[in-house]
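There are two complexes below, and they share chain A, which is joined by chain B in the first and by chain C in the second.
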Partner chain A sequence: MIALGKFYLLAILVFLYLPIIVMMAMGFNDSSLYELPFHFTTKWYVALADNSQLISSGINSVVIALITAVVATVAGTMAAVALGRRVIRGKSLLQLLLLPPIAIPWLITGTAMLVFFFWTGIGRGMHALILGHVALAIPYVVLVVGTGLQTIRADLEEAAMSLGSTPVHAFFSVTLPLLAPSILGAALFAFAVSLDQFVISYFLSTPGFTTLPVQIYSAIRKGFTPEINAISTILLLGSMAVIVVFAVFARPGGNRDKR
Partner chain B sequence: MTNVKINSVAKNYGQVSVLSDITTQFPEGSFTSLLGPSGSGKTTLLRIVAGFVTPDSGTVSIGSRNVTNVPVWARNIGMVFQSYALFPHMTVRENVAFGLARRGIKGAEARSQIDRALEMVRLPGFGDRKPKQLSGGQQQRVALARALVIQPSVLLLDEPLSALDRRLRQEMQVELKRIQRETGLTTVFVTHDQEEALALSDQVAILDRGQIVQMGVPTDIYEKPKTRFAAEFLGDTNFLTGTVSARIVTLSDGTAIRLADAEVAPSDGQSVTLAVRPEKIRIVEGVADAEPGLNRLQARVTAVIYAGAALTYVLTASDGTPFKIFAQNTTGTIIPEGAQVTLTWEPKHTILLQDQA
Partner chain C sequence: MPADIPVASTGTPSGVPARRGIPGSVATIALLLPSYAWLLLAVFLPLCTMFVFSFMNATPMGKTPIVFTLKHYQAFYTQPYLVKIAWDSLLMGFWATLSCAILGFFAALALARATTGRVRETLLILILLPFWTNGLVRVFSWTMVLREGGFLDMLLHSVLPDAGSIGFLYTRPAIVLGLVHGYLPYMILTCYIALVTIDDSILEAAESLGARWWTILGKILVPLALPGLTTGAVLTFVPVIGAFMEPRILGGRVGVTMGTVIEDQFTQAFNWPLGAALSFTMLAVVLAIFATFSGVLRRNSGAAA
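And now, the complex of A and B:
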């Protein structure tokens, strides 16, 4: 059984990480056609520095992901707290309505958004991308923060109020600090949802403003060089760094005491 | 230190009436227990005094101040919750300091007050621990210190001992009583544990379906319950029904039971319910004559529960009502099941209930 388990784990690691490692390695290979044998070079990174299209779409991706993370986290946290702590009419309906956007294929959501944005005059471009990504990320935030909120007893705020806190002070001094790891996790989720997003971004991009996945996609169609591997590696290491920071400071699911 | 006055307070949740027209008073420095089954409205009453629940009608005053429309945070109450509700991200000191900080008390003054509060609950030196590192009883003490340090006008306790195990609970009862005496705080204590209520309180209020059915000192509540509910909820009781005639209640089989002299007898011919506490009854095997002046009832033993030091006899009285009595195991002989017995008790232990049969 144990041997089988180990094999299973190994298989997961191989199929999940090997392609990524190969992708990263090819960014340092001399051949533009991904040919072996391997000859180490950093020329694709040098070339990347001059590839303004890839660089700017990469920056666009990060900027949009950051804005999405901030906006969706704030809005989603407020929604989660309202749904979790207040008495609201139609609460269960609202909570139910959060789930379909996660389950509906992005292609359908994207088409719907494109049509809707066109129809209302919102159009395409950066603002449309942010709107779309925020709308997409909010359900994730509400779910993650809402789950975190369930582990925090409501009588903690009552205790704070009995000691002289207004409801607002009670929320900020008691609930929010306890909710911080969940909020951070939700922000990370929102960031990842936005950074990953291709289908909706593809619909809402304009020729002058694209995100990295859209840019990579069009580059692939036109023929491409390992510069794509280079920027992907940079992005990957960047996201991994964020996750490591999160894991060290927030310890999701673990002991929250900082000692 | 102030009294609490509740005047005609009512609360409904939709169609459900949780409290109906409660008027009562908790005197200055007193320890009052609100006792009742779940759904009786005891917690709602406490939360109305705290300010978490606004009554639909009526007023609440703490001291000379009408606080009916004053929010919780401006009422200066000390509250201890069933779950303790300690802030898990703060140390013990930070927990206790929370209320002081809200009152602008900081630095050395706060430090000395926190130290005094932690000493009062016998937890000095625990200040730097997190709540998670404390036992249930210790957490309870911190919650108490946090509520006391702000010098509240009234101390409200919402089943604070129910999460503790039996031994710890008894220990905390003593502590709670000591602290309440030392501080002289007007205290309202919600519980469903009757023994706890009797042991701790200056007065007990029994609640049933949103109303205070009886309120008084523990001995009165136990020895003189007014209603079947109060008699049944607090301790074990035997009930007898019969018809009154000249201070004598005649049961269906003709047995005559004398009322207590202090009791105001209802008019003749009225049907009444009597209550007799099981520990007040003496049991003798066989058909025996009672000493003059005692009430006497024939019965048959249906079951004996032997618990070493004490015995519980389950009986059927001659009029068919089920009976239960507690006897100390002084003789070492046990009356067997099926035996004919004679029960005797003093008329003063015959309780005439006000809700008539």
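And now, the complex of A and C:
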């Protein structure tokens, strides 16, 4: 039974990773029509260097992800501390309000943003993308930091205060250092959410300002080329690296008791 | 945790212990304001605006006078082809969710019962890793496998050199396959969380009393994993119903779903009110399905307890 279970897990992993590996391998194949036999080449990666549209959209993606990570982490951490440490009337309603950005299909949220930003004159482009991405990332930050906060005992802060510390000083010198891994994890999470976001970006980007996933999508719609495989490989490895760092810092599966 | 706040604060709703010094309610509001103001501006106001738009007769761009109407919500009567598309989308969501549930439940079971320690931790991370990578890129990967002369055909031809193509890119099963690939990690995670808490002794007791494996599966494992299965199903079904990029890339011409129809209204047809009405209809259907399911779930967990 155990051997069968292990074999099944192996099959699931093959299912999850095989298409990705095939896609990556085809980015190193010489034929522009993905024809076999396989001839190793890096020319598609070299070609990327000349594709200014892809490069600028890639830079846009990283810049937006960085801004999103910083803004969403600061705002979300503040909200998580308030929700976790203070007595608030209607707390469950406030927590419930975090769900729509996660639970409503992105297609609906994205088109709603498009309609609203158009109607109010906010428009599309970089600022609109940042508005949308931060809104999507905030609930995740609140959840990740809130979970981290639960493992930190509130009486440590009270002990500091009973010894003469001010509440603000007690928070910054006791709770915040203990919370740092969760906050860092949340920031990486927000970065990854923004970097991989396609649907919202698709509706909010302009022909002059796009993100990498939007650019990849329009390239796929035009036709498959190994250049898409090359840039996809870079994007995939990049976000996997971010998530692995996240897993190391925040250890979403592990439970550490911080005392 | 709220329970950690000293008892002194009971009775005063915005009460924070006096010794904290800062006026409690002001500080609380200041902490909450950035996040909730942002969500208001970027999520809730847009959704409200779109709801209003869904009752307008035309996109308020030109000089056409705006009249409020219900006609877009009657689109399913006036444009019967939408009913078929909606039904196809629901079926697609159903097959994708069911496949995820079956594959994911057994993967979670194998993870919880057949692995331990570091192996289990590593496997869990490996399973979840693709989920947090770009969905678009993963869907694109399947085109490499499924297209004519793709990886699938290559495998077949290495065994049977004269066989035809078995690539099924641009079909409905291809869309479902891409969706299952996208959401399976979520289902494995929610089922795993439910299954990992099951005490070994329960299963040992059942076994020692002569229960066969299918009895253990049907009477213990599935009922106890039901909350995880339901959560996973909800988390899969909602995005799948709104999917438009997967059907476009993997479905080609047959990939017409509610998602693509709605997207068309905003990017091609510029009929925003119709797109908005279809979006809210879809949202209502999704919510109705959840309401039904949560009732079933509550009854089941009540019976188990």
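Worth a mention:
Everything below uses one rule, namely that the second predicted complex is superposed on the first by the 241 of 259 C-alpha atoms of A that agree within 3 Å, B and C clash if a C-alpha of one lies under 4 Å from a C-alpha of the other, contacts with A are read in each partner's own complex, and residues count from 1 in each chain.
Criterion: a residue touches a chain if its C-beta (ideal position, glycine included) is under 8 Å from a C-beta of that chain, and two chains touch if they have at least 3 such contacts.
On a predicted model such as this, the values are computed, not experimentally measured, just so you know.
Of the two partner chains placed by the overlay, only chain B lies in contact with A:G164; chain C stays clear of it.
More chain A residues lie in contact with C than with the other chain of the pair chain B and chain C.
In the superposed model, A:P177 makes contact with chain B only, not with chain C. By the touch criterion stated above, A:A75 is placed in contact with chain C alone, chain B being left untouched. By the document's definition of touching, both partners, chain B and chain C, reach A:D155. Once the two complexes are laid over each other on the shared chain, residue contacts for A:G185 go to neither chain B nor chain C. With both structures placed on the common chain, the touch criterion links A:G132 to chain C but leaves chain B unconnected. Put simply, chain A uses residues 153, 155, 158, 161, 166 to touch chain B in one complex and chain C in the other. Considering their complex, residues 1-6, 8-9, 12-13, 15-20, 22-23, 26, 34-36, 74-76, 78-79, 81-89, 91, 94, 97-98, 100-101, 103-109, 111-117, 119, 131-132, 134-135, 138-139, 142, 150, 153-155, 158, 161, 166-168, 192, 195-196, 198-199, 202-203, 213, 216-217, 220-221, 224, 228-229, 232, 235-236, 239-240, 243-244, 247, 253-254 of chain A touch chain C.
On the side of chain A, the complex with chain B involves touching residues 153, 155-156, 158-166, 169, 173-174, 177-178, 256-257.
Those residues of chain B whose C-beta lies close enough to touch chain A in the complex are 50, 52, 71-74, 76-79, 81, 83, 85-89, 98-99, 102-103, 130, 132, 146-147, 150, 156. Partner chain A is touched in their complex by these residues of chain C: 1-2, 4-6, 9, 13-16, 19-22, 24, 27-28, 30-32, 34-36, 38-39, 41-47, 49-50, 53, 60, 103, 106-107, 109-111, 113-115, 121, 123-127, 129-130, 132-138, 140-145, 147, 149-151, 154, 181, 184-185, 188, 238-239, 241-245, 248-249, 259, 262-263, 266-267, 272, 275-276, 279, 282-283, 286.
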